[in-house]
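Before any comments, here is the structure.
By letter and in written order, the chains are A, B, C and D; residue numbering begins at 1 in each of them.
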Amino acid sequence: MNLSDIQRIAEEENEFQRAYKYRINVCCSSGCIPFGAFKVLKAFEDAVKELGVENICKVARTGCVGTCSIGPAVLVDPGEYLYQCVTPENVREIVQGHIVSGVPVTKYLYNNSGYFRKQRRLVLRNAGKIDPTRVQDYISVGGYFALAKCLSTMTPQGVIQEITNSGLRGRGGAGFSVGQKWGLVARAHNTPKYIVANLDEGDPGIFANRTLAEADPHAIIEGMIIASYAIDAQKGYIYIRSEYPLAIEALQKAIAQAKSMNLLGDNILGTQHKFDLELRFGAGAFVAGEETAILMSVEGRRAQPRPRPPYPANQGLWGKPTLIQNVETLANVPLIILNGGTWFKGFGLPNCTGTKCFSLTGNINNPGLIEVPMGITLREIVYDIGGGIPSGKKFKAVLVGGPSGGCLPESVLDAQIDYDSLKRVGAIMGSGGIVVLNEDSCMVDTARYFTDFCIEESCGKCTPCRAGLARVKDIFDKIATGEGELNDVDILEKVSEYIINASLCGLGQTAPNPILTTLRYFREEYIEHIVDKKCRAGICFKKEHKGDE
Amino acid sequence: MTTEDIRRAQLERVLKKNNYQKSALLEILHSAQEIYGYLDQNLLVDIAGSLNLPPSHVYGVVTFYSYFKMRKPGQHIVTACLGTACYVKGVKQIIEAIEEEFNLKVGGSTADGKLSLSLTRCIGACAMAPAVVLDDQVIGKATKEIVIERIRNVLAGERDESV
Amino acid sequence: MAENSMITLKIDGVQVSVLEGTTILKAAKDNGILIPTLCDLEGLTPYGGCRLCLVEVTGSPKLFPACTTPANSGMEVTTNSERLKSYRKMTIQLLMAERVHMCAVCVANDHCELQALANQLGVNHVVLERHFTREPIDSSHDFLVIDRNRCILCLRCVRVCDKIEGVHTLDLKNRSKDTEVIMDLDESWGNSCSCTGCRKCAKVCPVGAIYIEGEAITQTKHRDVAEFITARRNNR
Amino acid sequence: MSTTNTVIADCNSSSSSKVRVATVWLSGCAGCHMSFLDQDERIVDLAKRIQVVYSPLVDVKEFPEDVEVTLIEGSVANEEQLEVLKDVRAKSRVLISLGDCAVTGNVTALRNSWENSDKEVLERAYKSSEDLQAAVPNMVPKLLIRAKPLHEVVKVDFYIPGCPPSADLINYVLTELLAGKTPNMEGKAKYG
C-alpha cells in the first residue's frame, strides 16, 4: 500500500457510492441502540429491498449524529434530512415517501435548526456520515490522506512545526500546547518511545470521546500514526474504559483493518516507519485518566499518579519517553496536516484555536453531543444550541468540566469557552461535560455529590486528597443534616484551598472546584442550610441515603 | 473435561496470548472475570503464580479497580448509573425503589441470589438520563415503575423483548 | 557520567552546591536545612505521598515535593514560608484526624515521627472532626503486629519489603480512604507464606502501626536500616 | 485574643484583687490536675497572684461568674458535661484545654470507633464484665454518642496537650497570661 493505493480506494469507493442517489444513515451509537437502533437499521434494509429501491438507496450503519435525545436518529443524504425517534413501524413510510416518491416525510423530521447552527464539526466531521466499520468509508472522505502526506512529503520536524503552527492545545483538560509536547518527546534521547491515547472518560456525564471512537475510530488511529511518525515512536496504546463495549469493538475492528492494509505494522505505506497499536482496558478508576496514573495502569499496576518531574515526555511508560494525548486531540491532527495549521487557526480564538466537543446534558431541551468553536459563550450553548430549560423551569446553574469543574450561575453565562476564561470564573475545560441544572437542584447537595464522587475515585496516595476530601465530606454531612455551623463554611474554604495547592495530581488539584464555585456563587444557600435549616430545593434534611458501594 | 478444566484451559490461552507479561495483568484479569464470572482468591493465586507477580500486588490491583468483582454476583444484575445527569434527574429515587421492592441493598444480592444491585459512575448514556442497566441492556429515561416491571419480568424468566 | 557534575542552587537564600540528580530534600538536608517529611526515607524509592515536604520554587505557582523533585542549577527554593507552614499544619491535622492517633495509648509514644512533627510544627489541636476507624489489630504473626488504625499510608513498609527485603509481602488494597496495607492476598500476617519475618517494616514505620510484640520500641525502631543496606549494596 | 489579655493585664494592675482562676474536671483521670499541682514550689508564687475560685481541689459547689482563666481537664462525654462546659465557657474569659483528653479526646474517645458507642461501652463496663448483679446503673448521665474534645463544643483559647501535660508548660502558660502576654505555643506542645 502507498499513497496511490489510498487514492485508488477513495476513488473506487466514491464511484461505488455515487451509484446510489440516496444514503440512509442510521445512528447506531450507544445513545440510540437502547431505543432500538439496530431494529430500525434492519427495518430500513428490509424496506429498501421490499420497495425495490436498493439500487438507488444505500442503508448504512453509522456513528452518532449528535442528537442523543431523539434516538434512534436517521440521517438521509443528500440534504442531511434528520428523522427523529424512528421506529421500525414508520420506516416503510419514510422510505416510501422520501426515497420512492422523493418527498421528505416532514412529520418525522427533526425540526430544530438552532441545534446545529452554532456548532462547528471538525473532530466529529464524519460522525453520523460514515460507516465506522468500513475503512473504505473513512478513506472515501479523505481518511489516511494526511498520513500519506506526512510519510511521503513531510519530515517529522515539519509535522511538529505544522501542529505547533495550528495552536492546537490538549483537549484532555490542562490545555498544554500539542506541538510543544510532541517536540519534547521527539527531543528526548531515550528509546523506544511510546504513545498512549487517553480514552478513559471516567467523568460522570461525559461521553464525547466514546462517541468519537464509536463514530470515527480511524480518525483516532490516523492521528496516532502521524504522531508516532513525528516523535519516532513504534508502539502505541489506546487506553479505553471497559464500560464502552461498542467503542472497543469499533476500535478493534479499525485496528485490524489498518493492520491488514499496512497502515499499521512494519513499513507503513511502503516507508521505513513502523508503528504498532494495542488496546488497553481500564477497569473503573476515574483517576486512571490522569497523565501519570494512566501509565501505571497500562503497566498493569494500581493507577496511582506519581509526582512530576520527571515528566512522561522524558520518563513515561517503563521509564521511556511517552506521549500521552487525549483521543479528541488526536482526531484533530489529520485535519491540520491536510489543511495546514493556518487553516486550523481560522476556527476559535487566536490563543485557543479549533473546536471542543461537549456532552450537553441535564435539565435541557436538546441534550446531546455538540462540537463548538472555542470562544462561544455558555449562554449560546445553553439557550441557542441546548434550547433552554424544559417544562418552564428556571435556569439555576451550569456545571462545566465534569466532577471537578465549576458550578456557574446565570451571571457568568457570557463567559467564553476557552481554557483561561473558564479558569477565571472558577471552572475548567476538563474533558468536556456541560450539565445544566434547574431550580429543583440544591447547590449544597450538588457540591456534596461531586465531593462524594472524588472521594470514591481518589487513589489514596496523597494526604490532601485522601484525608482532606473525607473530612470535607464530614462537614457536608453535618450541613445536610442540619448540624452545620457558620464556622464550617470558612473551614470548607480553607481546606479546599489547601487540597487544591497541596495535592499530588489533577484529581485533588481540581476536586474542590465545585465546592469553591458554589461557595462563590451560591453562598446564601449554604447559609440557609446552616442558619435556617432550610433547603430551597427540598433535597437535604431527608433520611440519609446510604447508596455508595 | 470438567467445567473447571475448560475454564482453566481458556485462562491458559489468555495467558499465553499475552506472553505471560506482567504488564498485561489488567487484560488477564478482565478475561478471567469474563471466564469465571468473578475473581476468587484461588484464581488470583493462580494468576499471580503464572505471571510471577507477588500475590499482594495482584490483590492490590484487583481491589483498586471497581470493575473487578471478588464476590459471586447474582443471576441477574441491575446497575444504576450514578453519573451527574442521572443524579440530577433523580436516579436516587429509582435506587431506593429497587431496594425496597426487592429487599436488597446496593452492592448486595437478594437472599435467593437471583438479583444483585450495583451502582456505576456513568455509562455515558447521559442524554437519556436517568439510565439503569439490566443484564447488559440499558433502560433509558427510566422511571421506578418501568425499572421494577422490567426486573420483575426478567426474574420471572421472561426474555426481555423491548430491544 | 553527567550526573557527577556539581550544580548550584539557593535554598532559603543560602547558596548550596550538590551533585546533579540530588533531590531538593537531600540537598537541603546535606546543608543543614531539615524539611519535614513522613513518607520519605533514605534508601527507599521516593514516594511523594505525604505532601509535608512541599516547597516553593521561585517562578512557579505550583508547590513541589522536595523528596521527588531534583535540584536544578539556578533554582531558588523556599522551604519554610508562612503558606508552607500552614499547609504542613493542615497535613498533620488531616493525618491525625484520619484514623485513631491517641499518643498516650500508643506503643510508639515518644518515638513517633507524626507526634514529633505535630509537636514541632505547633499543631496543638485538630480543628477537623476526628474520624475513628475500627480495624482489628492483627497479632497473628509470631512477633510482628499491625494496627492499621495508626497507619498513615506512608508506604515505607511496602517499599522496604519490596526493595530492600525483596519479597513484596506487603502491598495496598482498595483505594481512597479505604486504602490499607495488606499481606499477600489480604491474609492475616500469621498466615502469610511469603513474609520472612525480617522486621524491617517495623523498623521503618514512622508511627506505631507496625511493631514487635514484647520488644521495647527503642529496640525496634531503626529507621536508617534502608539507608544502611542500600549504601552497603552500592559499595559492593 | 488581645481583649482577653488586656482584661488580665487590668486585673493584674489592680494589686488589691487576685486573678480569679478555676479548674474543671470532665472525663479524664485527674492526671492533669496532678500535673497542675506538680508545679512544685512555683505554685507558691502562683498562689500569691491567683485565687482558685472553683476546682475539684477546693470545696465550691457552683461555678462562679467572672472567672478570668479556666483550665479544663477531660473530654466531653455525657450530657451533663455538655451543660457544664457551656456554662463554664459563658462564665470564663479565657478557656484552656488542659491535657490530651480535653484536646483530642484521648482514652475517653477510643470508644468512638464503636457504632452506638454510648450503649456498648456501658454494656461492656457494667454487664459483660460483671458476674453478679450485672446491670447498667440508671443514675449515670446519658452518654454522648462520641466523646468530644472541648473545641468541638465551645470556643477554646489555648491548648496544652500532653498525657499528662507538663507542669512546666502549665506554669509557662499561666505566667505569660498573668503577665498580660500571649503564650507562644509553637514547638512547646507535646502529645502523649
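One rule holds for everything that comes next: contacts are C-beta pairs under 8 Å (C-beta built on N, C-alpha and C of every residue); 3 or more make two chains touch, one makes a residue touch a chain.
Computed from a predicted structure; not experimentally measured.
*Asks:* Which chain pair racks up the highest number of C-beta contacts?
*Replies:* A-B
*Asks:* Find the geometric centre of each of chain C and chain D from their Cα atoms only, then give the gap between the two centres in Å, rounded to an integer.
*Replies:* 34
*Asks:* Between chain A and chain C, what's the gap in Å when you average each chain's C-alpha atoms?
*Replies:* Once rounded, the distance between the two centres reads 39 Å.
*Asks:* Taking each chain's centre as its mean C-alpha position, how far apart are chain A and chain B in Å?
*Replies:* Taking the mean C-alpha position of each chain, the two centres sit 25 Å apart.
*Asks:* Residues of chain A that touch two or more other chains: which are they?
*Replies:* Answer for chain A, listing residues that touch two or more other chains: 285, 302, 456-457, 459.
*Asks:* Which residue numbers or ranges of chain B touch two or more of the other chains?
*Replies:* Residues 57, 60, 64 of chain B each touch two or more of the other chains.
*Asks:* Got the chain D residues that touch at least 2 other chains?
*Replies:* none
*Asks:* Let me know each pair of chains that touch one another.
*Replies:* A-B, A-C, B-C, C-D
*Asks:* Looking at the complex, which residues from chain C come into contact with chain B?
*Replies:* Residues 162, 167-175, 182-186, 194.
*Asks:* For the complex, give me every residue of chain C touching chain D.
*Replies:* Residue positions touching the partner: 96, 100-106, 109-110, 112, 115, 118-120, 122-127, 129-130, 132-134, 149.
*Asks:* How about chain C: which of its residues touch chain A in the complex?
*Replies:* These residues of chain C touch chain A: 47-51, 54, 63-65, 68-70, 86-87, 90-91, 94-95, 97-98, 127-129, 131, 153, 172, 174-179.
*Asks:* List the residues on chain D that touch chain C in their complex, please.
*Replies:* Within the complex, chain D contacts chain C at residues 97, 100, 103-107, 109-110, 112-114, 146, 149, 151-152, 156, 159-161, 163, 185-192.
*Asks:* Any idea which chain B residues touch chain A in the complex?
*Replies:* Its residues touching chain A are 21-27, 29-30, 57, 60-61, 64-68, 82-89, 92, 95-96, 106-107, 118-129, 131, 137-140, 163.
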